[in-house]
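Listed next: structures, encoded as structure tokens.
Common to both upcoming complexes is chain A, partnered first by chain B, then by chain C.
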Partner chain A sequence: MPSLRIATAAAFVSLLALGSSAGWAQAPKRGGTVHAIVTPEPPMLMQGLSQTGPTNMVAGNIYESLLRFDEKLNPQPSLARSWEVTDGAKVYTFKLQPNVKWHDGKPFSAEDVVFTLDKFLREVHPRWRPIANAQVEKIEQLDAETVRITLKQPFGPLLFAMEVASAPIVPKHVYEGTDYKANPMNNTPIGTGPFKLKEWKRGSYIHLVRNEDYWIKDKPALDEVFWQIIPDAASRAVAYETGKVDVLTGGSVDIFDVPRLAQLPNTCVTTKGWEMFAPHAWITVNHRNGILGNKQFRQGLMHAIDREFGKDVVWNGYGKIPTGPISSKTKFYSDDVKKYDYDVKKARDLIKQSGYKGETIKFLALPYGETWTRWAEAVKQNFAEVGVNLEIVTTDVPGWVQKTSDWDFDLTFNFLYQLGDPAIGVSRSYVSSNIAKGNPFGNVGGYSNPEADKFFADAAVAATEAERQTLYTKVQQILAEDLPVLWLLEMDFPTIHRCNVKNLVTTAIGVNDGFRDAWKE
Partner chain B sequence: MGLIRFLALRLGKGILVLFAIAVLNFLLVRAAPGDPAQVMAGEAGAADAVFLEQLRERFGLDRPLPEQLWVYIKGYSTLDLGFSYRQQRPVAEVIFERLPATLLLTGAAFGLSLVLGVVLGALAARRVGRASDSAITVAALIFYATPLFWIALMSQVVFSLKLGWLPNVGYETIGANLTGAARALDIGRHLVLPAVTLGLFFTALYARMMRASMLEVAGADFVKTAHAKGLSPAVVTRRHMARNAILPVVTLAGVQAGQLVGGAVLTETVFAWPGIGRLMYEALVQRDYSVLLGVFFISSAMVILFNLVTDLLYRVVDPRIEGGA
Partner chain C sequence: MSGLARFARNRGALIGLVLLVLLIAVALLGPSLYPTSPWRLVGRPFMAPFAMDRFPLGTDTLGRDIAAGLVHGARVSLLIGLVSTLVSLMIGVPVGALAGYLGGVADDLLMRFTEFFQTIPSFALAIVIVAILQPSLTSIVIAIAIVSWPPVARLVRGEVMSLRSREYVLAAVTVGQSTPRIILTQVLPNTVAPIVVMGSLMVASAILLESSLSFLGLGDPNLMTWGYMVGAGRTRLLDAWWISFLPGLAIFLTVLALNLVGEGLNDALNPRLARGRD
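Then we have the complex of A and B:
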């Protein structure tokens, strides 16, 4: 049996990292309280049942999955202490940590992992379900500390699906044989993570305390974490300035407040810790609506948008201009594609050739706050310069979700997470098999290109990284020519925190699992 | 008409009105675009058809609308406010845990504005035309006209950020574990900014109304008589003028009291006060129908109740009034 021994190497590297992080700086000090912002208030903290951003931010410190990912998106041990990929990348064998306990004191074992992946998440998780049903042949327990996943064919992104928001391991003894969604224990989550839920005072705060029985000795260092819920962005900024809050998580203050807050004493700003998500912002184009189905017209629009201005002025210089569907922060990115600089003349020519006759195009604004509104106005101005009439249509969040899901728009903003691998986070927006009403994150624009479909499909199941890269490079070239959507920005969501909160952002999901290693000076 | 008959009639009418409001609310809420399943899918950034189907089935949204309405009415007729599937808890529990914070805030603002408004209004009326009258009138006009959110944010900047006197957000110091008097004091300090912000608007209203009403009464014959009898100006103001001038203020206070439960969305949001107003706003944004309808129901019940109380109070303030149903 040919064996790819990446696991051992990775485990070794991470042991070094664990050892050295204590060595190179000061030793973490035990104790202390950190106040962080979570916004909006999460609907629930049972991470297997809710995948909202706020849920993940808090619950990623309560639950754990088999793997964590560093800032370069390399897998690191978590509940799995090592793993092996064999049989032409079709069999994944995970060795689990010994002596792990659930928050209620019961022992954790391979049974919980098999139950979670094969039963619980297969039933309820919108991202794991399709993977489990299409790719996985069987999930089995070899012994109390070993789990084996056998695939139908190689599936490159499988390890990324082992991230905590995608596959949080849940306790079998709490959920087996119950109606998962109605289980009363959903309000008192039981995980294996470094923190336990002590109290959730709705509308005010979520209080996490140290798990004294955590399986890594001496971790976590912090006694407690309070996740404060403050609904107004300006009030959150003042709360940080007056010392009520130590950590402003990404997106919790308006981007134009960031430079001002960054000037405050003892304040550190980092854009790291979002590599797994790599939020990619674009204008979705409804290809069904008249001129918008015309490639030349879309190319004209792309040349008309001053994307640098959007980045520098609207987003205060945060982010990077994308070249195509795949973020440069993730694997399989290629910049060997057609580029679109800001060029009013080229835009006018292309739009003229496309046969555009001045019809009004409706732009559904994204109701996510002031910055998005300003961005919509900037785009409107850019389009006006090349003679394209844009009418901005406003709505609230549920209205936006409904209109987008039902294809009731000409153009609209959207930003999607890339989730580590193009087969999970990118292809879903472009492949024709994902053209379906009722879901705002499918291929709502209706772009369809059999060639792109095929490359996306082949790349997901190609056996080696090199083969996948070749296929994804081709896809990026095709899409950059076709412009199914107009890519605007690889977004940054800076995290602002007091500099004496150390080691807060060390993984690809940042504060979402960062309090395990964080400590306070 | 007897008091009992008056009360029975009014309560009967109240229940009818409440029923009509409940049905209307249900239809109104459903007229808004989107549903809770779509919102949750939107927040998750991931969804497939099965996910949405599961949610809709769970929320009972897959049933025909008349059936959903029937279930809702049936529940409310036994005072069962339903279940919030988003929060996985009964609506009554969700609402009642927020009630104390809201009542504290709106109650404090109510008391503050009523007392301050009446006193300032009466004072301005007695010194009509003088500098102190102008000062009160101008201040009242300013607070009446300035948007609440601006006052809220500026008060945070001045009193929390620049002066450092008061906390800018929240109900109490999180993680301080205070008890007894220390905790009460802590909550009190957190209460000052939101209560004053919320109270200022109504203070301005009461002051303006009280002043106008006092001036109207000042020319009345019985006031001249009182002065002619040789009563001191203070006694005339207190016993003869104020008592008669206060009726319109009572009417307005009745309106404000009706909003004690649901009327502080903006203040609660800016000051992160964990009350009902925020709950309602968030439920609206999340299309959490059962919570939204629950808050609507309780607020409208309060309005009806306080209208009744106001009418009863008229009889106390002015015994000439016989309540007509």
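Then we have the complex of A and C:
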């Protein structure tokens, strides 16, 4: 009676799980190995030089930055033990942790921080460079444990720029005076983080071991972390089922496999740990192409899309319907905006008033796998119900990047990370100064509204949080009326892990810096 | 024994013919059976066959009617099979006839050209062509035709070479008929039998090729085809087998029917070979 045996085993395991959740406050147990998936294989692990998702996922456990962020995006101490904002929000003073050592045994000090922010990242980091050049007046060391950043004007998002992917602190003694990108030490990253790189077997795994000299006593709890590299989503799911890996990081299996895997014994699923990224999915609209520049038409389309269906059926219930450009997980979200429910009649009326004559609109499919293809098919049907003819055009990833960057499309899907603050991750898609060819993540649709531009610009440098909220609420109201793009989903990337891997996801970037606190029962 | 009788004596061929007639009937009647688009989201997703009267064959991952998909897919499959076979015959027959009849340098040139296409793996070539031209009905027909004509050319060349030294051809040369006229009126009509047999098998392989392309996501994204249905359902094979299985069965039966009919035609049109079986 195999089925009975499985049922008994499942009951037994769920009892175990209950038992352990009751004793949640128990002290972390030292030791153990965890196998996690990273996909695709990162190009490199030197986090200052590469900002790809896979690099951040692994290297966020090797490098550290001044701050960490909790799930509500509140800054927490990391290499900075405390910080102070003074002089009308223009001077940031960071006190650093004492007794921190680099992985090669050399001591860490404020010199490393100044070198990293003022020299290294200013030269190589695409997100820090514009902030350093436009907002920062000077970065200086007050003593071995104190760094001061003076701004030209108040810049609210500065603390978010201190997250580990945006500003990983790198060792001055390794990089000073070298060609950063050609430095051979990029292959053997030296950080201050809880784990050191032991071995990287290309195409197979990345092996991290415990940093015995880590500055927090008794951390990390784990001895080893293996990042397994398995190229195919179905094989990754099988690797979890057969026990080869313990953690399926967000996006490593197809969304429709998640409910099945969640049923497995000793399996926990969480959608947390992506608050910093808050991936926001939408249909990009090319405003230059005929009827698409008409606001009424876009409003009609928005009413025509059954976004609940997309969420429940295409994305298996994961995610949330957005109200506007800013994710409800990001700072300065407001739901005090015009709402678009699924209403076929209203959609037909608006489309009729817009003067749409039945011309065929091309939809450039996003080649990121089957879920996106199904979603395009569902949207096409939604549009067909209100008499809008959509023709789906398929392409590969380079083709999509090229067509989108060159504005050679009518409609297409896209999703962007919000990175905690609208000034960093949201405004880039809507401000007219970002209408430029060559990058699929700029304002490729060509939306331009001077009023929205001004609010975005003012909000970025407003001195207080309250002023910023007022301005961002206004921007959200304007954009929800204009619909520069059609927002579809605040996406969730569920992390699946064995329930006996504890405390894995405790921050806004989840597993990217989660192994510091994780432990195995 | 007449050709028809010889065909009828092959029981497999009869079964194939019945299947094929049914399929053509479905394809022709399709629009009246299922007048709306097969892409419409009509019901709850993942409904099993016979779970609900409205959807006798169930629904797929998005709640589309699988029966409607199969019916509309039949039209697309047959259309692509027939058109791409016709196009490849239009390339293969002239090339083969010229090479076989003219011989010499022209034969060498045309056959090297044919071999050039024959040596490239045909499925890989089809994928490349479709990917370059953007997936659409036209590009798929072109791709299938381009990879399927070389065997036709070789077959026709062989037939023409054996025919061109027959007495009636020599007689036509003697009375001064022009070369094109000899090829068209004296030689080619006698190659029709093997071409018909080959053509019926080519329709089958064209349908398979189109299904494989669609399965890989290189089909026309705006056409409901069987290959697309198999491909779209394959990831849910464990919990919703019918989404992939039913269109797969349709492909299997169609290709089987065409092969059986092709064999029956071979028996009917090549009496000398057929007699060997008695």
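FYI, the second predicted complex is superposed on the first by the 497 of 521 C-alpha atoms of A that agree within 3 Å, B and C clash if a C-alpha of one lies under 4 Å from a C-alpha of the other, contacts with A are read in each partner's own complex, and residues count from 1 in each chain.
Methods note: a residue touches a chain if its C-beta (ideal position, glycine included) is under 8 Å from a C-beta of that chain, and two chains touch if they have at least 3 such contacts.
Because the structure is a prediction, the values reported are computed rather than measured.
For the composite obtained by superposing both complexes on chain A, the positions of chain B and chain C are free of clash and fit together. When the shared chain is aligned, chain C comes close enough to touch A:Arg374, but chain B does not. By the document's definition of touching, of the two partners only chain C reaches A:Phe256; chain B does not. When both complexes are overlaid on chain A, the residue A:Ala384 reaches chain C alone and has no touch with chain B. Once the two structures are superposed, chain B and chain C can be ranked by residues of chain A touched, with B on top. Contact with chain C, but none with chain B, is seen for A:Ala365 once the two complexes are overlaid on the shared chain.
Once the two complexes are laid over each other on the shared chain, residue contacts for A:Asp232 go to chain B alone; chain C is not touched.
Contacts of A:Pro43 after superposition on the shared chain: chain B is touched, whereas chain C is not.
By the touch criterion defined above, A:Asp396 reaches both chain B and chain C. Once both structures are overlaid on their shared chain A, chain B and chain C have a minimum Cα-Cα separation of 9 Å. The intersection of chain A residues touching chain B with those touching chain C, taken from the two complexes, comprises 234, 395-396.
By the touch rule above, chain A contacts chain B in their complex via residues 33, 35, 40-41, 43-44, 50-54, 124, 126-127, 129-130, 181-182, 186-187, 201-205, 207, 224, 226, 228-232, 234-235, 238-239, 241-242, 244, 395-403, 405, 416-417, 436, 438-441. Only residues 32-35, 38-52, 54, 58, 86-89, 94, 97-98, 101, 153, 156-157, 160-161, 164, 167-171, 174-175, 269-272, 274-275, 278-279, 282, 285-287 of chain B touch chain A when the two sit together in their complex. Residues of chain C touching chain A in their complex: 37, 39-41, 45, 61-63, 131, 134-135, 217-218, 221-222, 232, 235-236, 238-239.
Looking at the complex, you find that chain A touches chain C at residues 234, 254, 256-257, 260, 309, 313-314, 365, 370, 373-374, 376-378, 380-381, 384, 391-396.
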